[in-house]
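Heads up, the next two complexes both have chain A, just with different partners, chain B and then chain C.
Our next item is the complex of A and B:
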């Protein structure tokens, strides 16, 4: 698979070296020109890479916070009846097809953000640069967070269940309250599992194409935090959603090699993620449960 | 978060597993009280999101779902009244699920059996593990585009068809189904492998002691033992296949109607292009070309019902399996 995708991406490397990783110009116009038959287009894909990194990073940070809290809730706080409700809920959230999240995003959240959250003044202030419709960073991150939270939660809960009960009880006996005991003892014991879960979720978020294609606005605009709070409404496009977008233009050689280069990049980042998580887990080995 | 109030008990009546003098949340440090509150909120939030999705889809779906939608083929039309139903996408989803599962399950079970029971040479076994890990970590959009590159080769022409200029089109039910099996493969493999690893040695040794060969042991002892694991894995894979959109959009050729190639009944259908419920929803959302939200909602409702049923099946299988194995039910993804 690696060989295949690399071979298809090779023309881009041979014509441009690694400069396509950089920034410069407007990717949309560059790819558009390629699709229309231009042969010597310098393409700069950085905005797409940036879009992927930004959405993934924000979604992972949010999801991690929510997941750990939910895990504490399920393991320590929830009364038995609520707990038996939570597990199916998480399983359900994990198994909802991504296109349904996208549908809800584009039909409910995007109009809501576009009409109610963004003020007319804000729209006017950037009208010369970009049109704010509601589709953009905010909705993408929210949807991605909902998609990856159940993954991290499920794996964390499962790992927490494998921590010997006596460790937790010992901490409580020493005078800690149950929540503090979980934070200081149990969560610390399962750090490798949390890292693994986060890496898995990051890979999922990075590779999510359809949903982002639906709710991100589909413009290779890079939301810039320096613009102030308005940047969370700005549209963007990720690597994965570009592949979907350009699916019809694959017969054009220049577009094809660009798209396969993106696929290669996605694949490499997935491998890097799993490698990194393995390395981090190794450094935690001395905490590992001896079971 | 006014709506989450009912789920949260007042501070004084803390959950009952905490007893004794330190039981009241009020006596905790402020920091811990904040964590306590946030944890409850996070739990309530997730329940709320899940509930909202199901209720919203049910309301919208039932409002737009007509029995006729289920039996009509989609057709090109300007207004929504004339654009038909989603019979073809439903057939597409079933076909996809059938091809993917039928390919993935035997392969996954066979490789899990080989890796756990034989696993020599070691290197090769480790390689198989790594390969399956890589496949599992690959986003389905990359699988899709890889499949496209693969099936456009001349030798795979029988699996799809040749386009006008003589190039192989590379998009068909075969192509998409084979790639779909790669999505399901790691799930079934992992479930089966874990089941086999959890099987006690004594069971195998008892079987050998009775004079059974290795193959007979696998067939008569181990396979029945891990049957529920296989079923769980396969059903999870099935759910993943049904929910996958990227592969369908790129590899099934984005035709809404199933358009067979050639005149052979079944083969022609499988070589042709088509759609599934997921790609139907995608194309009918404002992001696609159809822009018929009502149809998309109706199809999304059908899809979520299928997913809920699959979920119930998985829960049931793993409960039965857990009861048989005497272990506790795990929260599987």
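Our next item is the complex of A and C:
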């Protein structure tokens, strides 16, 4: 697969070296020109890479916060009836097909953000560069977070259940309250599992194409944190959504090598995530539960 | 006795298994992909044709955009590609474009924005980004900045719109690109300050306001009389001249009265059969 993808991405490397990883110009215009037959178009894909990294990083940060707290609640604080209800629901949520989230996104979230949250003044301030229609960073991150949280929660709850009960009871016996004991003892003990769950969730978020295509704003742009609150409303494109969008233009050789280069980047990122999580887990080795 | 029963069961299973490939071989499946604007028409035509042929011909219709259909037909991934534009430079060569119906493109706004007409320069200014606020558009009841919706580069409707209603200029790069007619329709319906363009089937639906162009309303009557300019053809695209079942289907669309009645329900039939166009 790697050989296949690299072979088809090779023309881009040979015509541009590595400069296509950088920024410069509008990606939509560049790829549009390629698709319509222009030759010698220099393409700079950094906005797409940045879009993928930004949405994934924000979604993971939010999802980790929500998931870890939910897992602690389920394991320590929830009454047995609530726990027995929540666990199947979370597993069910993890298996909902992503395009359903996309539908809810474009039918409910995007109009809500566009009509009720974004003010006319905010739209005016960026009017000559982009449009703030509601589809953008905020809705993309919210949907990705909702998709990714059940995965991390389910895995964390299972990992917490595998921590020897005696560790937790020992901590409580020393005077900690149960939640504090879970955080300082059990969570620390399952850090390798949390890292693995995060890597899994990040891989899912990076590869999510169709949903992000529907809600990310249909315009390639690099959301700029320096813009203040507007930053979360700005549209963007990710690598995966561009592959979906341009997958139909594959008969044009220039577009084909660009799309395959994006695919190569995504494959490499999966590899990097996997290696990084292994390295991080190795550093936690002394906390590994003996099995 | 039990052995007899096992034997009978085995024979029945073998007979059923051999019957299945025979049954499948008797039906032809025509696979198609392409324009989202012609999809409603093709779906109607295909289901009627299947019924007329007693289900011996079946259809698998995907979408993706006109350029997708053209590329798929050229690569042999589908039997027929659905296109909403004529061939242009950059298309694979050796393709045959058979015109089957006329459609037209309307500029649309949200139903709360009762803009009734745009002149040609106004339309150009809005879609290329020179005019960005509804206060600069006479007749518009929307306020604030204009949210311009466009289609992705594979769309045939985009080509038709730019060539016929925008004086060959391109929609500005700031516009939000929707991948299909349905998503464009949804976007403009949900956005009070939105403006976009749709093929007639999608534009004349409830919840949208179809805007007139240069004093002419966007309607079938004005297209038939020749006064509305935003008109183009739907094409069926095959690699090489159409043959076999593909040819039979295309010929049926172009010549039968049943097909013409289906086309007339929401689109415009070709005056007389127009010659095939070839890509170079």
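Definition applied: the second predicted complex is superposed on the first by the 291 of 291 C-alpha atoms of A that agree within 3 Å, B and C clash if a C-alpha of one lies under 4 Å from a C-alpha of the other, contacts with A are read in each partner's own complex, and residues count from 1 in each chain.
To be clear about the criterion, contacts are C-beta pairs under 8 Å (C-beta built on N, C-alpha and C of every residue); 3 or more make two chains touch, one makes a residue touch a chain.
On a predicted model such as this, the values are computed, not experimentally measured, just so you know.
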Does the chain A-based superposition show chain B and chain C clashing or fitting?
clash
Looking at the overlay, does A:250 come into contact with chain B only (first), chain C only (second), both, or neither?
both
Per-residue touch tally on chain A - higher for chain B or for chain C:
B
Give one of first, second, both or neither to describe whether A:106 is in contact with chain B, with chain C, with both, or with none.
both
Quick check on the superposed pair: does A:279 touch chain B, chain C, both, or neither? Answer first, second, both or neither.
neither
Touching partner for A:120 - first (chain B), second (chain C), both, neither
second
Between chain B (first) and chain C (second), which does A:208 come into contact with in this model arrangement: first, second, both, or neither?
first
Please work out whether A:61 is in contact with chain B alone, chain C alone, both, or neither, and reply first, second, both or neither.
neither
Clash-wise, after the superposition, say which stretch of chain B runs into chain C: 96-104, 258-266 or 312-320.
258-266
Overlap the chain B and chain C contact sets on chain A and report the shared residues.
106-107, 213-214, 218, 250-251
Spell out the residues on chain A that touch chain C in their complex, using ranges where they run on.
26, 28-29, 31-32, 35-37, 106-107, 110-111, 114-115, 120, 123-124, 127-131, 133-135, 213-214, 217-219, 235, 245, 248-252
Chain A to chain B touching residues, read off their complex
1, 4-5, 8, 66, 69-70, 72-74, 76-79, 82, 85-100, 102-104, 106-108, 146, 149-151, 153-155, 157-158, 175, 177-180, 183, 203-204, 206-210, 213-214, 218, 240, 243-244, 247, 250-251, 259-260, 263, 266-267, 270-271, 273-274
Could you list, by residue number, the parts of chain C that touch chain A in their complex?
64-65, 67-68, 70-71, 74-75, 89-90, 92, 129, 132-133, 143-145, 147-148, 152-154, 173-179, 183, 186-187, 190-192, 194
Would you tell me which residues of chain B are touching chain A in their complex?
7, 15-18, 22, 25, 28-29, 32, 35-36, 38-43, 45-47, 49-51, 53-54, 56-57, 133-135, 137-142, 144-146, 148-150, 167, 239, 242-246, 249-250, 278, 281-282, 285-287, 293, 296-297, 300, 303-304, 307-308, 310-311, 314-315, 330-333
